[in-house]
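Each chain carries a letter (A, B, C, D, E and F) given by its place in the written order, and its residues are counted from 1.
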Amino acid sequence: MEILMAFVIGILFMSATYLMLSKSLLRIIVGTGLLSHGAHMLILTMGGLKKGAAPLLGENAPSYTDPIPQALILTAIVISFGVTAFFLVLAYRAYQELGTDNMDRMRGTEGND
Amino acid sequence: MSLLHLAIISPFLLAILVPIAYKLFRQIHTGWFVFPLPILLFSYFISYLSITSNQQSVTKSFAWIPTLGIDFTAKVDGLGLLFALLITGIGALVVLYSIYYLDKNKEKLNTFYVYLLLFMGAMLGVVLSDNLIVLYTFWEFTSFSSFLLIGYWYHREKSRYGAQKSMIITVFGGLSMLGGIILLYMMTGTFSISEIIAQSDEIFSHVLFVPALLCILLGAFTKSAQFPFHIWLPDAMEAPTPVSAYLHSATMVKAGIYLVARMSPVFAEHSLWLWLIAGFGITTLFWGSFSAVKQTDLKAILAFSTVSQLGMIMSLLGIGAAALHFETVDDSYFTVATTAAVFHLINHATFKGSLFMVAGIVDHETGTRDIRKLGGLMNFMPITFTLAIIGTFSMAGLPPFNGFLSKEMFFTGMVRVLEMDIFNLDTWGFLFPVLAWVASVFTFIYSMILVFKTFTGKFQPEQLEKKPHEAPIGMLISPIILASLVIIIGFFPNIISNTLISPAQAAIMPVEGYVYDTHIYFWHGFTPELFMTLGVITLGILLFVTLPKWRSVYNLFPEKLALNRFYDSMLEVSQRASFNLTRLYMNGFIRTYLVYIFSFFIVALAATLVLKDAFKFDTSDVATIHYAEVLLALVIAAASVSILFVKSRMTSIILLGAVGYTVSLFFVIFRAPDLALTQLVIETISVSLFLLAFYHLPKLRHEERIRFKMTNALISVGVGAIVTMIALSAHSNKMFPSIAQYYVENTYKEAAGKNMVNVILVDFRGFDTMFEITVLGIAALGIFAMIKLRLEGGKKNENK
Amino acid sequence: MNEIANIVIIVLIILGAFLSLVAAYGVIRLPDIYTRNHAASKSATLGVMSILLGALLFFYVKDGFFNSRVLLGIIFIFMTSPVAGHLIARAAYNSGVELWDKSVQDDLKDAPHMKKAGSKEQ
Amino acid sequence: MINFLILPILIPLVTGVLLIFAAKRIMLQRWIAGISSVIAIIFSALLVQKVRARGIQTLDVSSWEAPFGITLVSDMMSALLVLTTSIIAFLCLIYSFWSIGEAREKFYYYAAFNFLIVGVNGAFTTGDIFNLFVFFEVMLMASYVLLVLGGKKAQLRESIKYILVNVISSALFVIAVAYLYSVVGTLNMAHISVRISEASQGTPPGIITVIAVLFLIVFGLKGAIFPLYFWMPGSYYAPPAPVLALFGALLTKVGVYSITRTYTLFFYHDTGFTHQLLSFLAIMSIIAGVIGAIAYWDIKKIIIYNIIIAVGAILFGVSAMTTDSLTGSIFYLIHDMIIKAALFLLAGIVIAIAGTSNLHKISGLIKRYPGLGWTFFISALALAGIPPLSGFVGKLLIVKGGFEAEHYWGAGIVLMSSLLVLFSIMKVFINGFWGTPRAYKGEDKVPVGKMLIAPVILVIIAVFYGVGSEYVYPYISQAAETLANPEIYIEAVLKEY
Amino acid sequence: MKTNDIILQTATKVVLFLIVLFSIHIFFAGHYTPGGGFVGGLLTSGAIVLLLLAFDMKTVSKILPVNYIHMIAVGLLFSIGTGAGALLFNVPFLTHAFGHVDLPVLGDTSLHTATLFDLGVFLVVVGVTMTIIQTIGEDE
Amino acid sequence: MLNTVVLSAILIISAATIGLIYRVIKGPTTPDRVVALDAIGINLVAIVALISIALNTSAFVEVILLIGILAFIGTVAFSKYLEKGVIIENERDR
């Protein structure tokens, strides 16, 4: 299962990267969404999958899955939610001010003096 | 902190008071507040003569950063004292001169004297520190005070140019010297010069010896304007003339000489030292004097002349180093070069200082320094003319001035090279006297140009800005004093031989138990040197008279090859090239930056994986796969990949949602109920936010073209592959049990909960959670502020 | 007792799965939004209800009491599903989505307040 | 008081929260923020003293013993950085009073400001790798807010890029932690170090090295090393001066700190590979930074590129891994925080006066603003590491350490970079402050005197930091000692090991 | 466009009750079964969003006159305060305490400071979500 | 027996879900997508219920209700958006 998941995560990262390299701001943000999904899945996978019951002591199981990765993912999910929300609103505002969602037209001033 | 330290620091202290004095007493020329200090210091240092003339030294230490071996150790020995006297003595004269030279109503005297005092203190620090780091500190101080003084009239383009140039070159040298100092520290474990000298035998064989030598020499050469670093000095002439007289002829440029002299006992063992110093010195001598002839600006002539004279002193020090290789120094047969170096150092300060002041007077009284416009000033300013004659004749090496004596000794030193049989001097050594002689001819010529083109010939009043007249007496005092020194030393050289020269020589070439006893003779008999001098004079007069005829020789040296051009274009090209280069990769497109970042990610990690043979694939510890899970995996993969190809925004958002929900299903499968719950809710909110945020975007006029880009595809596949590969090998490399068991045991017992994940979140790792919600809170604040606060009017989206 | 319960659960689950499949088939194959909505909100809801009933029964057998949250879920879905279906249909109509060209009747065609439906999104 | 080391995190946190309530009352906000800042400085200073007197301070948050809960660790390095951060925060804060504008102040500027400090101090203090991530996020989120606050076009545009890059680096951070967790099964940094040492008797397994490189990439993105710095010049160009000063002085330094921490605490087993790579990247950063710094005629850009150079120099010292070079790196790190803040604040004043940061359009400022000019001059010298100012000792030790580690070329480049740093920064002085004075529109409205307070204090600190190195040295060397000997750290955290 | 939303509004009133009930349950049960302050908060804001959907901003702010940004701050203060309480007893920050109390009606109830902490999380989450939704909503 | 049934039911419903995803992608109108999404939500409820049975745990029952709630809110929001162009009104009846 872990091996399958590794490939799934790889695909998620691949799609995310491809999207983040595109021009449209929306696609970029979608890319970051995929990226965080991939990262979260990776934590879970790295903690080891299906090693026991859900980490609820009420289950009275002989063994439980590692709760740490789950707690980490939870924190990470919340944080990436905050970031995504912020990013989305930023995109919205940027569109209002700059009138475009094309990254090519949001060129910075680094090049020209 | 001793009186000696106080003496070194006193200029800095006074520098703090100068602006205050300037504010309070506007009517009095600020120079008068400064003037007493160098006098006082001069007389203070005179009191050390009794000690150093016995070739003893005084060391006073003051802890600064002892843990790093950096102590402010002040050491007065012959060499240091000689320089200290020069600095304070000439300093006093220059301050006096400046009082008349700079108008108290027109100039910003406060800054001027602050810089000047900073310089004076720094210079004293350089010559009196025994600790290399302290020396370096003061060294950089001199560079910067010089920078500030050259840029004193900062509204002038040329001043700024000259200031920048001098700073770049001297700081370059300074840094390289610092490198050398650190290398020396690594060999000896100390920054103290005396201790390094004491270990000179050990370090000679050290592998870092040569690099250290080169680094230190680079510092000395740049500071003392040795070829090819001399180019900053002529441009430094943009400084007010008193500054030129002080910094750029008498003192600061001699810091390099000082350094070479000071470090001679450490490095002189090595042939490289001799060859580099003597070679660069003689080249500089030649090139400087040769270039001086073609100059038309009085101060430019003097600048090149300074360059050449510095080269001369440098070459003498180089040759003098050879003396260390001979068994006996008794007969001072070979040490004459060093004696000459020290002697000429003093002489140069006197005559060049006075000449600069003369040039300043001419400039001040006529408004120009261009010798093509000047001429016939003899009648208007007789005293100045006399002073100029004394200075230039001494410079040209004519009797009975001091310059003649040192020039003779210089020839002696150079001729004796022929008798040396070390370091291949027997094969190439003949070049030294030859070049020396040729350079002397040019020296003679430019000296003549300097005095005769200015003071004799046709008077051209129409070319001058002012009606020339003799300078005020105050302005003449300083050059008169210097000129009289030129004569006095010329006639009675031995008043300084055993008080100043021998002690200095002892510091340069310390030989245990040997007491230098220098005597300078006016008449040596009919030696080769005398004939050389005679030749110089004869040929010099001849060439001076026929100057217009052969001047075109200088056209053979195209401007393009000039070092200045090289410097300018290097500066220009480096800026332009870096600008173009930067613009090439900093193109403002975030995509480009991401390409760099991801490429590095791929390359670095792939290389590490391969080089470290880190990829490991181990299926012994994997969970079972169920077909439903495969199905889910396929869904997630299909959804994420198809986002790449969909055209409508809505669809890609929905697909992202699909991925998110599938992830939460995975969380269900992998026994993570809390995660599943959270992921579900978060995903829903995210999707609705996506819709909200992109609702405002206009309908795409033409559907977004998703052009397939090979680079993008390659990079994304690479990233995916790397992530997968590391995941596989990280999973196959589980080396330790997780710390999870602790939570299983303690969740109920110690934290009174049953949901481990939740208990971890609020208790075990509650700290994380606290800041996680802080992040959320900040995000909300930011979103609120972003929407409400619009400093640029915030026009609404017109497509709405 | 257990056997009977098991059989009931199995039946419920099979029924639910079948209904879900039917609903999906409907959503895919039916010609326009209104018919698809019909398929989705009726059969899918029924399908999930039966599966949830199965689950409820399962947990009853396992734990000995009715799981309150499953019950709550059943009630919730029971209540919201029709509302949701209604809202979608109305929204679709009001946003001007065309009926299937073979539809025979459109009662709201002439209703005045429905007419100026914005041609908002596609 | 066992909770002492949490106070530098807690004080700004509480302040930030309280400031949310006071959003509309600007004077009240300023007072609260100012006073709490001073208190934070006092406590950080006391913390430094405490670490000096009693060694590393640790706090097991929530009372869970070390590898299981989150442990906060104040070793000397982190305590010093926290102190520096608090001081810089205070000065940027008072600078903001006169420069940031009421509109921003009403929209939670000070709250976000304090949260940024929470993040930075937290990142310096935490002893848990995942908690480090959380603090990074606090810091980043606050920085996003500060960057975008005001909603000007350039701000919005650059924020997008900044956030995008940081989202990527956060994701990479998460996966790096995940990989590391998979291999060693723990999150506490000391415990990780112990387990990595156990796993790598002699040579470490390849996977550890891979993870080390991944961490380098993650932190390198934050710390703006070559070739990951490209996002920085543009993003740092957009925000107003005090924010820029905070970013320039603190944010990249957190990345540098994290590299230093991980590379001295975890990944010191395969220095032949990882530290060689680090040293190569450090040198390349210096070169790239120098190229950028001399390319532009723009005050902000010049200083921004100088950040990259400094990062390179510091990391070069870290990569050499000798006691001297580590000491030098810490010396230089703190120096750079101080002086970059000063320079950005000064640049802010110049821009406020001239209305532009283009050097072609500025000249002769020193005539009307001598105080500004000389402050700038001294900080320029300090930046270039001219003795006896603050940059010197650090640079000296880094170069010395480099030579000792036989990285002659690298050390030489570090040394010579000073020249080009000087050249680039003096370009500002020569062209902006020297030259023919001009009149600028609206320059009379700029409260130059008040705005100068903060940079002048910073420059004074820089001077004392350099001249008084003797007094600072014991602290720094204690910090370097901990870095050079991870056992000290581990022992302090895990006690029984 | 004027529409009547009788069906939606009526359904909302009932469903809202269910959701709030569920979210409170999930909040308190978090220590033992899946859930907790975070999900609870999100659900509560979901309920409020439903209100917003069925009614309008003005009506909702009349029913719930809350400044959501202040709610975030209060929530943060709760969480920090729970942690900082430990400072008074000179135990490490965020050390939780719990005990069993015999309450007259509810019987044996365990009181846990972690619940207070979680309440902070709950408030922050509600505040954040609602701030975001409200600001964007107002901007449209 | 039960297990086999549950697993095959999961498979069947997954297949149904994939079909619905096809509808989501295909459209052609947004209401179509919303209908399909609503149905997916319902199916997810079913899947989670089945997984709970399969894993023999009641840990996920919260998820069931949650999905229901979210699907409902989502559908309401979508339909309001489609109908009125705004999701949240500032003030109704104006």
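By our rule, a residue touches a chain if its C-beta (ideal position, glycine included) is under 8 Å from a C-beta of that chain, and two chains touch if they have at least 3 such contacts.
None of these values were measured; they are calculated from a predicted model.
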item	value
Far-end chain from chain E, centres as C-alpha averages	B
Pair exhibiting more inter-chain C-beta contacts, D-E or B-E	B-E
Far-end chain from chain D, centres as C-alpha averages	C
Most central chain, Cα average position	D
Rounded Å distance, chain A centre to chain E centre (Cα mean)	26
Distance between the centres, which are taken as Cα means, of chain C and chain A, whole angstrom	32
Gap in Å, rounded to a whole number, between the CA centres of chain F and chain A	22
Distance from the mean Cα position of chain D to that of chain A, given in whole angstrom	27
Per-residue overlap in chain E, given as positions that touch at least 2 other chains	1-3, 8, 15, 22, 26, 32-35, 38-39, 43, 46, 69, 72-73, 76, 80, 93-94, 96, 128, 132, 136, 138, 140
Junction residues of chain D, two or more chains touched	13, 17, 20, 61-62, 130, 134, 137, 141, 144-145, 148, 151, 153, 160-161, 164, 168, 175, 178-179, 181-182, 187, 233-234, 296
Residue numbers of chain A (touch at least two other chains)	20, 38, 40, 42, 45-47, 53-54, 56, 58, 68, 74-75, 78-79, 82-83, 85-86, 89-93, 97, 103, 106, 108-110, 113
Residues of chain A that touch chain F when the two form their complex	53-54, 56, 59
Chain F - residues contacting chain E, complex	59-60, 62-63, 65-66, 69-70, 72-73, 76-77, 80, 83-84, 86-93
Of all residues in chain D, those that touch chain A in their complex	130, 133-134, 137, 140-141, 144-145, 148, 151, 153-154, 156-161, 163-164, 167-168, 170-171, 174-175, 177-179, 181-182, 187, 233-234, 237, 296-298, 358
Interface residues, chain B side, partner chain A - complex	579, 582-583, 586-591, 594-595, 598, 619, 621-625, 629-630, 633, 636-637, 640-641, 643-644, 649, 652-653, 656, 659-660, 663, 666-667, 669-675, 678-679, 682, 685-686, 689-690, 692-694, 696-697, 704, 706, 709, 712-713, 715-717, 719-721, 723-724, 727-728, 730-731, 734, 738-740, 743-744, 747-748, 753-757, 760-761, 764-765, 768-769, 772-773, 775-776, 778-779, 782-783, 786-787, 790, 792, 794-798
In the complex with chain B, residue positions of chain F that touch it	7, 10-11, 14, 17-18, 21, 24-25, 27, 30, 33, 37, 40, 44, 47-48, 51, 55, 59-60, 62-63, 66-67, 70, 73-74, 77, 81, 87
